[in-house]
Structure formats: structure tokens, C-alpha cells
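Each chain gets a letter, A, B, C, D, E and F, in the order it is written, and its residues are counted from 1.
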Amino acid sequence: MVRALLLGACLVGSCLAWPAAARAQEEASSTPPSIEERLAAAEAKGEEAALAGHNAWMLTSAALVLFMTAPGLAMFYSGLVRKKNVLGVMMQCIFLMGLMTVLWGLYGYSLSFGGTRGSDGYSPYIGNTEFLGMQNVQRQLVVDKNADGTDAPRVDTPMEGVIPRFTHMLFQGMFFIITPALICGAFAERMKFSTMVVFMILWGTIIYCPLCHWVWDAGLLAFGPGLAGGALDFAGGTVVHISSGVSALVCALVMGKRLGFGSEPMPPHNLTYTVLGAGMLWVGWFGFNAGSELASDGLASSAFAVTHFSAAAGTLAWAGMEWILRGKPSVLGAASGAVAGLVCITPAAGFVQPLPAMAMGAAAGVVCFFACTKLKHTFGYDDSLDAFGVHGIGGTLGAILTGVFATREVADVALVSGGNPVGLIDGNPQLIVGQIVAVLVTVVFAAVVTFVLLKILDATMGLRVKRDEELQGLDLSQHGEEGYIFI
Amino acid sequence: MVRALLLGACLVGSCLAWPAAARAQEEASSTPPSIEERLAAAEAKGEEAALAGHNAWMLTSAALVLFMTAPGLAMFYSGLVRKKNVLGVMMQCIFLMGLMTVLWGLYGYSLSFGGTRGSDGYSPYIGNTEFLGMQNVQRQLVVDKNADGTDAPRVDTPMEGVIPRFTHMLFQGMFFIITPALICGAFAERMKFSTMVVFMILWGTIIYCPLCHWVWDAGLLAFGPGLAGGALDFAGGTVVHISSGVSALVCALVMGKRLGFGSEPMPPHNLTYTVLGAGMLWVGWFGFNAGSELASDGLASSAFAVTHFSAAAGTLAWAGMEWILRGKPSVLGAASGAVAGLVCITPAAGFVQPLPAMAMGAAAGVVCFFACTKLKHTFGYDDSLDAFGVHGIGGTLGAILTGVFATREVADVALVSGGNPVGLIDGNPQLIVGQIVAVLVTVVFAAVVTFVLLKILDATMGLRVKRDEELQGLDLSQHGEEGYIFI
Amino acid sequence: MVRALLLGACLVGSCLAWPAAARAQEEASSTPPSIEERLAAAEAKGEEAALAGHNAWMLTSAALVLFMTAPGLAMFYSGLVRKKNVLGVMMQCIFLMGLMTVLWGLYGYSLSFGGTRGSDGYSPYIGNTEFLGMQNVQRQLVVDKNADGTDAPRVDTPMEGVIPRFTHMLFQGMFFIITPALICGAFAERMKFSTMVVFMILWGTIIYCPLCHWVWDAGLLAFGPGLAGGALDFAGGTVVHISSGVSALVCALVMGKRLGFGSEPMPPHNLTYTVLGAGMLWVGWFGFNAGSELASDGLASSAFAVTHFSAAAGTLAWAGMEWILRGKPSVLGAASGAVAGLVCITPAAGFVQPLPAMAMGAAAGVVCFFACTKLKHTFGYDDSLDAFGVHGIGGTLGAILTGVFATREVADVALVSGGNPVGLIDGNPQLIVGQIVAVLVTVVFAAVVTFVLLKILDATMGLRVKRDEELQGLDLSQHGEEGYIFI
Amino acid sequence: MKKIEAIIRHFKLEDVKNALTERGVHGMTICEVRGFGRQKGHTEMYRGTEYAVDFVPKVKVEVVCSDANLALVIDTIMRAAQTGQIGDGKLFISDLSDVVRIRTGETGEDAL
Amino acid sequence: MKKIEAIIRHFKLEDVKNALTERGVHGMTICEVRGFGRQKGHTEMYRGTEYAVDFVPKVKVEVVCSDANLALVIDTIMRAAQTGQIGDGKLFISDLSDVVRIRTGETGEDAL
Amino acid sequence: MKKIEAIIRHFKLEDVKNALTERGVHGMTICEVRGFGRQKGHTEMYRGTEYAVDFVPKVKVEVVCSDANLALVIDTIMRAAQTGQIGDGKLFISDLSDVVRIRTGETGEDAL
């Protein structure tokens, strides 16, 4: 923005939060500043600089997580459906970007993160109204007094740890978009768009917000105060992947199969999109996991590294299983394995070492491979894009393995270990209990509420498009458009 | 680069700018440093750290804004044309990335930002030669003297506010690429490539650089010294969107319609590209708007947040209008709405609160929807990809609503509010006048100069490809290539 | 992660590394802290902030470099092959992301960067076991003592310069992915997948790791201690581009031409992917080159800028050559020119000024244009996607021109110039000798080892797919999948 | 010999193929076509511009058979492709003067 | 009954369809084809390699009509598809021995 | 006049085209088709679901020629398209009652 003026003033925005320091600095030109003044200036500069550094990484992370939904997931998922439904899937992604963001700003963030344990009005079950409509998040004018009694107005941005609360809200808000978007994989190619919209509003409000509060706002499942000692969930094993994966399974079961499922071929119409989307998810996941440190520090780097290793091992494992069992590694297998590895490391990202991370990724590749091939075929449900097989199963595996591999060598001392053993390999068997309890609570909660919601919606609005519409494809029937017109 | 050596030295590059501090630190190993020395080191460290943090975000932002042009806009726009012109559109984007960057480096940055108000050689009409060929931007060797009289060479990177001027130049240079690229939407599928190249050189030089100087280098329209008190334009409502949108309309009018417009169907050949491109634009726009703070601070987070909210509201509003008026929300509508919301919030990003931002996005979704459907059909011009309908109209709306919703609760105190009311909701009716004046000046300036340029080019080089070439498509006729060979 | 607790503690992760400072700050609420205490806190804050800022940029850079491989290179390369091989190319990219990452974590990083010149166990030929299995890279628990004798456990993240070593490892690990992936361009559409996997494991281990050590870990070719004074290679002219480009040529020669090469048309099946991929490469390259500064400072900005200018000039030069010689600029030409410009500036990014960078980009555009058109046709080898023509030739040109244009005005004083002339334009003819020697060593080393590897693999596993498989396409024959099913 | 060109619905292709092979007809050639007839197309809307897409995607199945087999083939396709709703498609029957198998040069019914 | 196969230019399809429907012909099937004939193709150039693309994209329109209608259909298509420049395409007329409507089993002209 | 419909392999198209033009046949129309016959298709596998793709991509080349030229055209295509392996394809020969050149209105052999 305004450049020339900006030079006249001191150091843009944030500097204004430290008017004393700023003034000290300006006076410096006339008389040499005292040690006291220089120290105050250095302190202010340090604060500004720390905020700048952490914020730089966290804003980038927020952008990366949105990037995961579109183009990432939109591309990954839409490549897997038939051509006639390609826009249907993409529409779910982009529309949810709009819808969930508005809900998050209005009340979602408050229901998730409103209230601080120990202070008035805090509940371990659901967030309070602290941040409703972005109050206490947005900037506000504060008028201090100068030493000479004149007004010293400044604009204050509320902080959350080392970053502006705005940044925290944004980062977490991106999770509120991608989590419901993941569920879309289960009912792809057959769900009525209008019902999906209502379902997601309810799902986000009644399932996501409480879960998020339980796990990440010192609630029911949080490490420490939570049930059975609570669970460690660095970046969303329970909140994001188990919740969406289990709800996806319930959707697949309640909605029933696609017309022609099992008899007609339904191969992915554009695997190139799926691979490219997987690459984008991999890149974006660095923001998802390393960003969940909510700061740019050594632990963020560690989380980034284990994320990368797990994804890599997952890629090799899934493709390797295919190679062994069917003679050919497939690119869909490699892409799926990468995602499985990423899902599995998510809850563990801030607690485990690189080699265990590779083991976790490899385990996820193998287990999710069987979930998406054998398990699904055995039970015969139509989880179109394997949202359950990858996110539900992979997330559960990750949550439990976090209890195994979490270690005080990695975990934050002040928040987690206090220097004591953390996971099973550290010699502490307790954590696994907390992890399993958290998994069970999440599974039951997500499954039951999703089931009830779907039944109500089925009775009122109807879940599926009409038979003809399904045959014609969602692109034309729901949106009146075609994906590709190559003539 | 050189790792092992690097360990031997101190702290890479930037540290060298503070040799005193560095030396102080090194000596620390022998005798305990004095408070004075430690303070000097802490000050140096603070400077290094602040630069690192702000620069991290701004380099990321610069990358994000380039990402908006390609792949973002290239994908968004090219999906909307017919298959035979897909490369024509992409070529315009990638070629402009080359062309405008070279111009920017040679003289564009200087014409836009050369000179500081108040100092010699400054003109409010056009930048001076300060930065020609990157002088005063690029690094330079400075040889200081050590206390003992020996040479202490160091390389200095000129600063611009809290970031290296290089970073400022890069960030602004990305705007110089995307702004002309936006215009391409108006004459898609029919403009001669050679003429486009010449047109864009002239447009960038004669329209963009002055406008940029007027608004962002304390010139004719700048807040404060500008006409009628000047206008607030955080990230380019006038400079980027109104200028390109209005020029787009003039292009559409002067060039005439595509052959077969109105009689033949011309549906988007690949809406999947358009949606994916919209997702990329949304992500990249965070760099565009939050980066326009030119620092990583609380206001950057605020700008990021309102950008996100406005895009979300725009998505819902445009798709919602379609749902109400035509019974189906379309994915093109959702994507267009997101872009409309992003355009509208651009001038306001650093001045408004979240809820007003949602209102602005919603307004943009509705207004641009009507502009691209009713208005265009009423007047019958062929703005192929609605560059005017979205950027011209959305930018104008945003510029005016900035006058309404800008508030001292958000705006930078030192640069903008001084603690006093800013926009209409703060109780200050003056700003709206400045905003409207800036809009009018921009509209008239861009329209008239574009018109004259086009008329001259029409008479000399010809604006349109030949009839046969247009029928064959630009890919083959202008570039001798095909987009997809799927056989 | 855990939000509410986080507020109770101090400043997340990194802060814990400075418990004294943290405590000082907490006590501040009761008694005013002494100058000594405040200074310690300010020093700690400065360290935290600097780490945060540099790390923010470097993590972003690491993500950007992965982004270059997929979706970037996957899209760029796959668009150039025939439809039946589109997945084959993409599979190479995504599988290598998994494979090379696992190797890097297990031993690659250690072989490349293990050991510090001057310390025990260092070899200039190959890295040692310092970082095997991520030891000395990963986090570790350290138990200090408090003043009162109680334990003060903290988790330490080893540093590398100003960033966590984890970050350094990640950033460099991304290079270990993209470099082999570049080679895939030479044998596209005909190589057996299983053989490719084995080849890349060997190539990475035997060629990449040593080369990386020679150049970037103070080894055989490093600036200063290296042969003939060593070479400057900021971001990988020799290590990445010459090594991969030359190996690519050897692959093309040893494997022979694709069936039907020269008689059947083999046009790019999806140029839209290629252009979009080029855009992604351009964006990602900012991380590649500016990230190679390993810090967020003025030199990073400079490297970013010259990267951008060179890419731009390359775009114009290649497309311009076509325009002049064939009457039409092609979009493939523009995209190829951008990549050529990016390749050429890579070794020079931290050493040259903007205008020379433009000259280098333009030279690369012209030279690589001739390499990919005339040279290839003259010698008749089938380097399917011009990996040699662009990376081999462009990298060589860049390495040599670095010797010409590197200047003390830009280069890091402490690490490189010491204030003395650097390149030819500074008046120092020596550097060019070192550059040429490094190029020759790299060319010979990469060519010979690749040749031997290929011959062994040819005799044991076979390099090419069977004739029928090649006709059917790699997607079906190697992976059992189709890229697009548009019916 | 006869050529039957059957214009059918996409999702009936599997059924038609299976029905034919079950009845011993082991050759056919298919092609994507778009048809215009009684069955209505659909409208698409892009930023306020409405396009009537009158052509409906169909598959054309071409089966060449001996005169003797004609009735069987017609009957088989008819049954397999019928849904009873407008747009089921048509069979066009014509004479071929000869058939040649490229691989062997066989002609006439031997070539099938 | 007769089958008219018309090879026409892409951008004439709308006109042909409208002309036919105006004259009461309410059925046709179209298909993307590429043609080789007098009309020249184009050359494409990718990194110095030149490809001559000899085949030009065309649309094949198939109309089945009664013998009585043949002249009308031919005339209608001719007029609508003509530009007068090389590459306008051709009409191939052949006999059909029968037509069947899959939905109803009607045959002959009733099936149209 | 005769119409020859040749179902051939993709990679033989160039050869067929060249062979025909060498022998003075300067017109043809081609179309992407998929064939089912003796030649086996392939299987594809996506996350554990296996699809047998029975249809093999082929190209249909349609050449219209005078009765006199028929043998030449058949022979030319046969030679150019043969590999000797299952799946080389077939030629279907039928009579045309007329040909019209849209541009000029010429009919019969003049229209070719």
C-alpha cells in the first residue's frame, strides 16, 4: 500500500503496537538514546520480529491448507469419478469453501475455540460465545495516553500464543473446510446438492465444532484434562480424519450404492487429475501438519519432516503391495499410498521421530490398501472414493500409533512431556489408553450423529438425486453444466 | 549453498550487514561481553530477525501473486474459451509473464515508484528515473572501515520499509503481470498475437505505471495528498481491477464480437480448469491482499481474513442468485462469485472488519452476477470472459464500499487514521468523495488511453486475426500448435 | 495443537529452548526485571524470532521445491508425451517422491552433507555417517539443571546455520527428488518401470550424493578448497542440472529411440499441461533458488529477483527465436524458454545482478532453442522431452556464465568475495577456470557412471519394455491403468 | 451379409455386448455418436447464456453378420437395449456386398 | 429407405440441423470424423519437429429417410452446408433394407 | 460406387493413408472406434476393482470409390494394414446409390 508515506513513518503496522519503542527510536536521531531506551526498542523489535516470523509461516500454512481443498482435493477426488460427475465433485469443494468459511466466521470458531479452561464461562463440551461474529478476534482501536497526557491511539490485534488470533482463526478455519469436503468422497456421484448443503451445515456445527473443542481447546478429549488422560492429536487424526472417515462410512451405508455399482465399470475418468491432486495434497499437508505447531520453530521443522517421510513410505508401501500381489504398481496406488501416509502421520506429527514416521507411513500404506480393496469388497458398501478406507482407517491407525511412537525426544516439553516418558516406546503405556478412548468416542459420536442427521434429511429433503438425474450425471442434473466440451 | 564454510562464518548474508554485532558475538567466546556489546548484538539480531520474518512473508506473497497468473489465471481463463483457443489464452498469460517482467525491471518499477514525495525530482504524475535498470534496488558493495582502520567490506541491500527493496520490486512486479493478463479476457479468441504484445507494452507503460504512481507512490490519487483527499486502495481496486476492467470493456467494444457470437454456441470447453483456476486464484489472492501490507504483522492477518470472508460470501451469493433465479447453482457461478468477492475486497482489505467484508463479498456476488448476465446481454458487447463484468464492476463496487466500511478500528493508525474516523460507518463522509473521484479518474484515464491505443494499432497492425484464422482457432493460426491431441 | 494449555505456558516450542529467558519474563509480573534479565530475555526473543523468520522462508521453500516435482514437473513432462504414456511419466514423478525421500532420510543426507571440513572423519569425496538414519538431525531431549539443582529438561533441535538442520535436510531432500525426476524426460515412453526404480536408487547414491558433497559440503569442487579454486554453484547448476542433463543424454543414447521415432508423429498430447506445469515450475523455482540462500535475507531477495528476470528473458528469447525463424511464437517455445532461463540462472542466482541475469536468461533461451531443434536433429538421438537440451545445455551455459557475471556487488562477502573481485566482469579471470573444471568433472563423472549403470542394468534386468508394451503404452503395460476415460 | 447399425443408450452397451456374445456373435465395432430425435436434450447455462443441447450422447454398435443370423442379432439387440422410454434408439439394416479379413484375406462369411 | 451420410464442416452443423428440422426431418445421428481430401490440412511444430496434419476435423451427419424424402433431404443439406470453398464435404447415399425402432419394435418407415 | 469401411489398427493409419494416396486415392474419412472380436482387450485395476476392457481402440477408414477402383483400394488397404496378428481388422464393402459433392453439386463419380 501507501509507499512514500510509509517511509516517513516508522516500520509499518505492527510497530505501532509499540509506540514507546517507536518514539524512543525516533528521538535517537537527536540525542544518543540511553541503555534503557535502547533496550526497550530492542524488546519491541524482538516482539515485532517474532510475530513477523511466526506469522509468516502460519499465514503460509493457512494458504497451503486452503490449497489442499481447491485445487488439491477437488482435483484428487474429481479425477476418480466418471466424467459426467466431475463438476459435481468440484462444486462440492468450492461451494464448501464458501459455506464453511462463512459459518466459521459467524460462529464456528467461537463454538470450537471460545473460552479458556480455567476461566469463567468455559465448558469442556462446547466453545462459548467469546468469538461470535469475530469479536475478540478482529482488530480494535485502543487509545493509550502519552506521557504528556495526549492521546496515543493504536490498533490492537488480539494474539493467540505467538501469532495474531486472526491467523489462528484462519488456519483452523481451513480445517473446517477440508474436513467436510473429505466426506464428499463417500457419497460422490449420487447425492442431492441441496441436501448436501444442509447436511454439511449441520455436520460442521454439531460434529466438527464440539470435537474440535474437545481435542484442541482443553475439552473432553484433550491431552491432560481429557478422558483417560486424554489423547495427543497434533494436527487432526480424530478431529479431521476419523470424524470425516467414519461419517463417510455412515453416508455410504445409509445412501446405498450408486446405480450400476458392481455391474457397470466405474473407472476413474481422469487419473492424471488424481495424481496431480495427490501431489498438491502432499505439498499442502506441510502446512496442515507443520502449521499445527502454530509457530515457526524447531518442532515445526520436525513435524514437516515426519510428514514428508510418512507420505514417502506410504507411497512405496501401497504401490509395493500392488506390485507384489498383482504384478504391477499403479499410479493410483502410489497416489493413494501417499495420502494414506499423510493421514496416518497427522495426529503424530509433533511427537514422533523420522524412522518411526516411516514405519507409520508404511503401515498406513499396507493397511489402507487392504481396507480399500479387501474390506470394501467383503462388506460391499459403496464408499465411492474411499473416504472411509483412507481417512477413517488411516486416521485410526495414526491415532493409535501415536500412542506407541510419541516420545519426549520430540514432544514439546512444556505442553506435553515435562521431560517424562510419553508413548509406549518411551515406556509409558498410559497414552495408548487415552488414544483408544479418544478414537472410540470420536467414532461413536460421529457415527451416531451422522446417522441421525442423514435419517432426518432423508425423510425431509431426500438424500439422493432421482434415478434419471443420476444416470444423466450430477453435472447436468444438479448444475446444468458439462465438464469438458472437447468438440 | 556452501554449507560447511557457512558454519565457520556466522549467520549468513544478512548478518554481514551488522559486522559490529557479529564481531561482538565472536569475541564473546573469550571474555564475557559487556552489556553494551550484548545490547548491540541484540539490536542487530532483532533487525536481522525482523527482516527475515517480513521478508519470508513477502517473498511468499510475491510467489503467490505470480502463481495467480500461471497456473491460476491461465487455467481459469483458458477453461472458458473454446478448445481451439485454449493455448491462445495460455500463451497470453505466460508470454506476458516474460514481457512485463522485463519491462518492469528495465523501467516499469522506476516509472511507478521512482521518487519520494517531498524529495527532489519527485513528481506526483509519474515516477522518476531513480530505479532505472534496477539501480538503487540491486545490491551494492559498501566498504566501511573497522576500528583499526582496515577495510570492512559489506554488501548492502537497499530497503523499502521493513523489507528489501528487491522484495518490494518483485511483489509489485507481479501486479504488473496479472493486470494486463486480466484484460485478455475481453478479447479472447480473436486478437492478433503480435498486436497484443505491442498493446500490452504500451498499456503497461502509459496506463499502469502512472496509475500505480498516482495511487501508491503518494501521487495524484493517493490518500492524503491526492485529489479530494485521495483514495484508499489497499491492494489494487483502482490500479489493478478498475483499470483492467475498463480497458477490457473498451477492447470488447472496439474489437467487436467474435464470429458467430450470439448464433453459435460458445460454451466453456473445460470448466474443470476454470474451477481449479478459481481455487488457485483464491489461494494466490492471499498473497495479493495480505502481501499488500508489505509486512508480516497483525494487519496482514486481518487483510488475509477479510479476503477469505469476502471470497466465501461472493461464492455463496453468486451461486445463490442462480439457485433462486434459475433453480440450479452452477459451478461456474460459484467460481465467478469467489473471484468477484476477491476483486471487491481488494481495495478494502487493510481497512475493514470481517462482517463488513462478508457484506462486500455478497454484494459483489450479486452485482457482478447481474453485470455478467443482464448488463452484458442488454448492451450486447462481447466481453468474452467477463473481464469487465467481474473486474471493472467488482473493482468499482469495492472502491466505493471501501469508502463506506473503512474504519479506524482496522486501518493503520500511523499511515491512515491517526485515530480519527475513516469511512462512512466511522462517521466520516469525506472518504467516499475521494474514492469516487479516484474511480472516475481511473475510468476516464484507462478508457480514453486504451481507446486511442487501440485505434492506432487497428490502423497500423490490425487488431483481429483474419476470418479464417479465427475460425481455425488461435492455437493453430497464431502458434501452430494444438492444445489436446487425445487420439 | 493444544490451544488452551498453550496460553498457560509461554511461547510454544522454541521458547522452551530458553528457559531462563522464559522464567525471567514470567517473574516480570511480580517484580520489575533487572536490565540484565531483560537483556537476556531480549536476546532469547531475538534468537527465537530469527529462527522463526528464516525457518518460515525455508520451510516454504522446501514446500515449493516439492511442488516443482508434483504437480509441476509431472504436469510439464506428462503433457509432452503421447496420451498412452501420460501416467507412466506421472508415476515416475510421484514414485520418486516416495523412493528418494526414504533413501535421503536413511542415508542420502548423510552421504551428501555428513562431516564438516576441518573436523574428524570428514572426507572431501563423500559424506560420512554423521546423519545416518537422521541422527544428529532429529530432535533430542537434553536435561539441563536449574539454578536450584532441579532438572530443566528441554528438547533441542540441531541447527545448521540459522535454521534447524531438519529444515536444511528437507530443503536439500527435495533436490534429491527432482534431480532424478528430470532425467525421466530422456527415456520417457519406453523405459521399464522396475529398471527405472533400480537405476534411480543407484544414480542417487553413486552420482548425486557425491556430487552434492563435492559442491555443497566443502568437497572436491567447492568454491575455495575445490579443484582449480572450485566453482560457485548457488542452487545446483552442476549438482542438479548438468548431472541430470548429461545422464539424460547417456540414457537417450544407450536406450535408443522410441519405436516409430522419426516416422510416426509424436506430438505432445496435452500442451495445456505443459504450460501450466511451466508456470508451476517458475513459481516453485523461487523456492529452489532463493531458498538456496538458506536464510531469509537480502541475498535471498536478490536471488529471487534474478531468477525471475532470467526466466522472463528466456521466455521472450525462445519464443522470439521461433517468431523470427518460423514466423510464429509457440506456447511450447515460451514455456521451454522459461525453463531454460530458470536452469541457466540456477548456479548464478546468489552472485549476479539483474541486468546480467536478463542476459543469461536470453542466452539460455537462444542456445537451448538451438540445442532442442538443430542439435538434436543433427545427431538424431531421441531425448524425448529434451532433458539434455534444456538441463544439460542450459546448466552448462549457466555454470560458465556464472564465472563471467558473478560479482562482489552481490555475492556474500563472508562466504565468497571477502570484498575482492569474483567473476570476469569484476576483473577476476580465475573463477571461470574453476567453473569449467567443475563442469568437466561433473560431465565426465555423470556420463561415465550413468553409462556403466545402464549397461549393467541392460544386461541384467533389461532397460526397455517389450515392443508390444511400448506400442500399447506404458500406462496400460506398466501400471494397468488409463489416464483419461472420457466416454 | 448384413450390417446392423444400432444406435443405443450408453448404459445399455454392456448388456448388448453380453447378450450378443451369449448368442455366439463375437464381433462388433462401436463408436460414440450423438443423436437428435424425439428424446429431448437438455439446456446448459453459462453466466446467463443458455444453450440448448439438442444432441444426446448415444453409442452406435455395428454388427456384421450372415443373412441367416440377421433375425437373431436384431432380436438380441432389441431385447437388450430396450427400456421402453423415448430415446431407446434404432436399428438400421443394410446389405454388404463383401467382407474381408485383413489378417488372412478371407472373404465373405469366413471373414466374420 | 435411404441413408444419407453427409460429411460437413463443424460450424455448419447448427445450420444443417435447423434446416432439416424446418423441413420436417426430425431425426439424425452425428459423429466426429476427420477427413482427407482436396482441402489442405495444416502443419504443427513442436520444438523443431514439424508435423503435417493431413486430416481435417469434420462432422458426419447420418439421416435415414423414406425414399420419397430423399431429394428433399439432399437438397436441404446441400444448401445449408455449402460455403463454396474446398472442403465443404460430400453426401453418400445408400439403401437400407430395414429400420427398427428399439423401443416399440416398429419397422420400416414407421420406425423413423 | 462402393464404400469400403476398413477397421484397422491405430498405428497403421499413416501407412494406409500413404499407400492409398500413392495409388491415386485422394479421399477418405476416418473415425475413432472401438472393436470387439478375437483380439483380447486388457484388464485395468483401480483400488482393487478389476475391469475387463473388452473393446480395443481401432480406426475406421471409410473410402468411397468407383466400382472400377474397388479391387485396387481393397488390395492397397489390405497390404498396408496387415501385421499378420489377430486384430488386424476387417473391410466391409457396400454399394452406394449416389455421391454428391456439396460444394458444386456434382454427383456420381465426378463427386469423388
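FYI, contacts are C-beta pairs under 8 Å (C-beta built on N, C-alpha and C of every residue); 3 or more make two chains touch, one makes a residue touch a chain.
A quick note: this is a predicted structure, and the numbers were derived from the prediction, not measured.
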(request) Using the contact definition stated above, find the chains touching both chain A and chain F. (result) C, D
(request) Have a look at B-D, B-E or C-F and name the one that copies the A-F interface, over half of its contact pairs being the same. (result) B-D
(request) Round to the nearest whole Å and give the separation of the Cα centres of chain D and chain F. (result) 18
(message) Averaging over Cα atoms per chain, report the distance between chain C and chain D in Å.
(response) 54
(message) If I count partner chains per residue in chain B, which residues reach a count of at least 2?
(response) 35, 39, 42, 46, 49-50, 52-54, 56-57, 60, 265, 267-268, 326, 328, 330, 332, 480-482, 484, 486-487
(request) Would you mind listing the residues of chain E that make contact with two or more other chains? (result) 31-32, 44-46, 94-95
(request) For this structure, give each pair of chains that are touching. (result) A-B, A-C, A-D, A-F, B-C, B-D, B-E, C-E, C-F, D-E, D-F, E-F
(message) Under the definition above, what is the set of chain C residues touching chain B in their complex?
(response) 35-36, 39, 42-43, 46-47, 49-50, 52-54, 56-57, 60, 64, 83, 113, 115-118, 160-162, 168, 216-218, 222-224, 233-235, 267-272, 275-276, 278-280, 282-283, 286-287, 290, 292-302, 304-305, 308-309, 311-316, 319, 326, 328-332, 334-335, 337-338, 350, 353-355, 358, 408-419, 484, 486
(message) Considering only the defined contacts, which chain E positions touch chain F in the complex?
(response) 2, 6-8, 31-38, 54-55, 58, 60, 74, 77-78, 81-95
(request) Under the touch definition given earlier, write down the residues of chain C that touch chain A in their complex. (result) 1-17, 35, 38-39, 41-42, 45-46, 48-57, 59-60, 62-63, 66-67, 69-71, 74-75, 78, 86-87, 90-91, 93-95, 97-99, 101-102, 105, 133-134, 137-141, 143, 151, 153-157, 163-164, 166-167, 169-170, 173, 193, 273, 478-487
(message) Please output the residues of chain E touching chain C within their complex, sorted ascending.
(response) 44-49, 51, 53
(message) Looking at the complex, which residues from chain A come into contact with chain F?
(response) 265-268, 322, 326, 328, 330, 332-333, 336, 372-374, 376-377, 386
